[in-house]
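Read from first to last, the chains carry the letters A, B and C; within each, the first residue is number 1.
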Amino acid sequence: MTQVLAQWQSAVDFAQRGGELLGVVSFAASGALLAVRKNLDIFGMAVLACGCALGGGVIRDLLIGRTPPAAFTDLTYLCAAALTAFAIFFRHPSHRLTRSGLEIFDAIGLGLFCVTGTAIAYAHGTGAPTAALLGMVTAIGGGVIRDVLAGEVPAVLRPDQELYAVPALFGAAATATLLHFGAYRAWSGLLAAAGAITFRLLARRYNWRAPQPRHRPDPQPD
Amino acid sequence: MTQVLAQWQSAVDFAQRGGELLGVVSFAASGALLAVRKNLDIFGMAVLACGCALGGGVIRDLLIGRTPPAAFTDLTYLCAAALTAFAIFFRHPSHRLTRSGLEIFDAIGLGLFCVTGTAIAYAHGTGAPTAALLGMVTAIGGGVIRDVLAGEVPAVLRPDQELYAVPALFGAAATATLLHFGAYRAWSGLLAAAGAITFRLLARRYNWRAPQPRHRPDPQPD
Amino acid sequence: MTQVLAQWQSAVDFAQRGGELLGVVSFAASGALLAVRKNLDIFGMAVLACGCALGGGVIRDLLIGRTPPAAFTDLTYLCAAALTAFAIFFRHPSHRLTRSGLEIFDAIGLGLFCVTGTAIAYAHGTGAPTAALLGMVTAIGGGVIRDVLAGEVPAVLRPDQELYAVPALFGAAATATLLHFGAYRAWSGLLAAAGAITFRLLARRYNWRAPQPRHRPDPQPD
């Protein structure tokens, strides 16, 4: 019985580490592709890729008091992010691929990080609601850092953008619920991530947008 | 005697929590109103409101090593900020109100946060000068996060802006002095906050500006 | 023998503190000069000078869990940064001096901070690779904060910029190597800093740039 539990646990750990690495690579790809669009050089690509891929996790680790953050002690993540940037540098993608690729990789990173971020915060002893919040911040943080560094308004705020924070909150809340009721397994975590990714991609595909304030201000001279 | 002191203390605690909640609501309102001006949707309003209302306190908590920050463990603040954003969404204010409202709420938040930020840092064991600095950072931090996220130069730096950091530093230094000499009470703290708010609003009303470098550079071709 | 070692150690400490103060003054000057270029007032100059001079160290201290950060407890650094801003305010430099001065002071700060940042992180118990990373972040962080606050794309990313992160990484890696093999002394640390500064200034002088992605995207309509 204990052995089966231990196997479950190690499967969860393995899946979680795999999920985090995949999230790092996805966000690194979205950062590198934004750098290509902005005509940055290879080091700008690496900086934007690392900032996007590791930024969310660094913010989460600072918030839960895990110092130095995992991104600085376990160099696997940094190397994965840098290698992704170099791979994209040498594959020189076309404009069209750059644009849609950025969105898809960003969605994958968003979905994976809201789940792993919630699980890591929960394992660190926070309550379930706090863990869900931290998971959402982990998922959103990297993209915000990427966009602020590149001089763009973050995707999470852009008025022409489809739902972004809501899928992350959905995935994080689902994960926190699973954790709270002891039902967090490798497959249920992946399911929550897949749900968040699908939610985000459907929102993009079908232009699900949140309402804007109705009686918008008249454009008067200031 | 001890009982009277305890009553004083609980009155101070009550006033401080009330002051912090009012500061959160004020900064949330200023964030949501900026989001209205920028035509963001309802979730963009909520993100900007929460970032502005909770950002300063989160920075302060990270700097004094209180992890996870209060904003993530005590969800009252987050709910207050989100509710403020929703209230403004459904009241659809006019352009004129949006502009002046943003400034007034921002001043109230600034004044309250420089006092509560200083008091919280001091209670956490920092010296009085450090507490004053942290109080000023708490007060300024939220507005800086709001403006950077919205793609604007922060109010604290804008050349066409009236005194902003100085009122916050004034309120924080007054609070640190009160704390250092054991004269920090509910009413003296509120007085310091009121002083900082009045200072900021007077600066706006009468265009008190700091001097710019005198012999400004000639506009030469680079 | 022990006495000689102790003398070495205190010489290293003295040189390190001197190096950090010089780095603070240099970065403060670069922040204040950018503020002059942006026509900010005297308080804007002070905020940008302090943000640039202290920002990198604050980020490093947060990442290694040293709270409150040194910049908030040892007010020498803050005073040095503010005094630098005031000195530049009253010297009203010309446009030409402003531009080249910003670059030179930025290079000096970059070189000194990548060395002291690495040494401080290493002394705090991190491994050599983590220390090198944290040193690079210390060196780059202040400039990124300065540029983001001023509404510019950070120098480390700008496509028209010469090598910036690479000299910082070079200096940090050299310092980490010295520390790892116990060869970190006052003079070898200064040598590493001088190497990084020279690297950066040579990169500027001779326009050493990193390659951009080769098959750049065709400007197609979106």
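Here is the rule we use: a residue touches a chain if its C-beta (ideal position, glycine included) is under 8 Å from a C-beta of that chain, and two chains touch if they have at least 3 such contacts.
Source: prediction; values computed, not measured.
Chain B is reached from chain A by a rotation of 120°, derived from superposing Cα atoms (nearest 5). Shared numbers divided by all numbers used gives the overlap of an interface; between chain B and chain C this overlap falls below half, so the copies present different residues.
Mean C-alpha position of chain B lies 29 Å from that of chain C.
Looking at chain B, residues 62, 65, 148 sit in touch with two or more other chains. By the touch criterion given at the top, residues 62-65, 121, 126-127, 129-130, 133-134, 144, 148, 152-154, 156-159, 163-166, 209-220, 222 of chain C touch chain A in their complex.
Against chain C, the residues of chain A that register as touching in their complex are 35-45, 47-48, 58, 62, 65, 67-69, 72-73, 75, 78, 88-89, 92-96, 98-99, 148-151.
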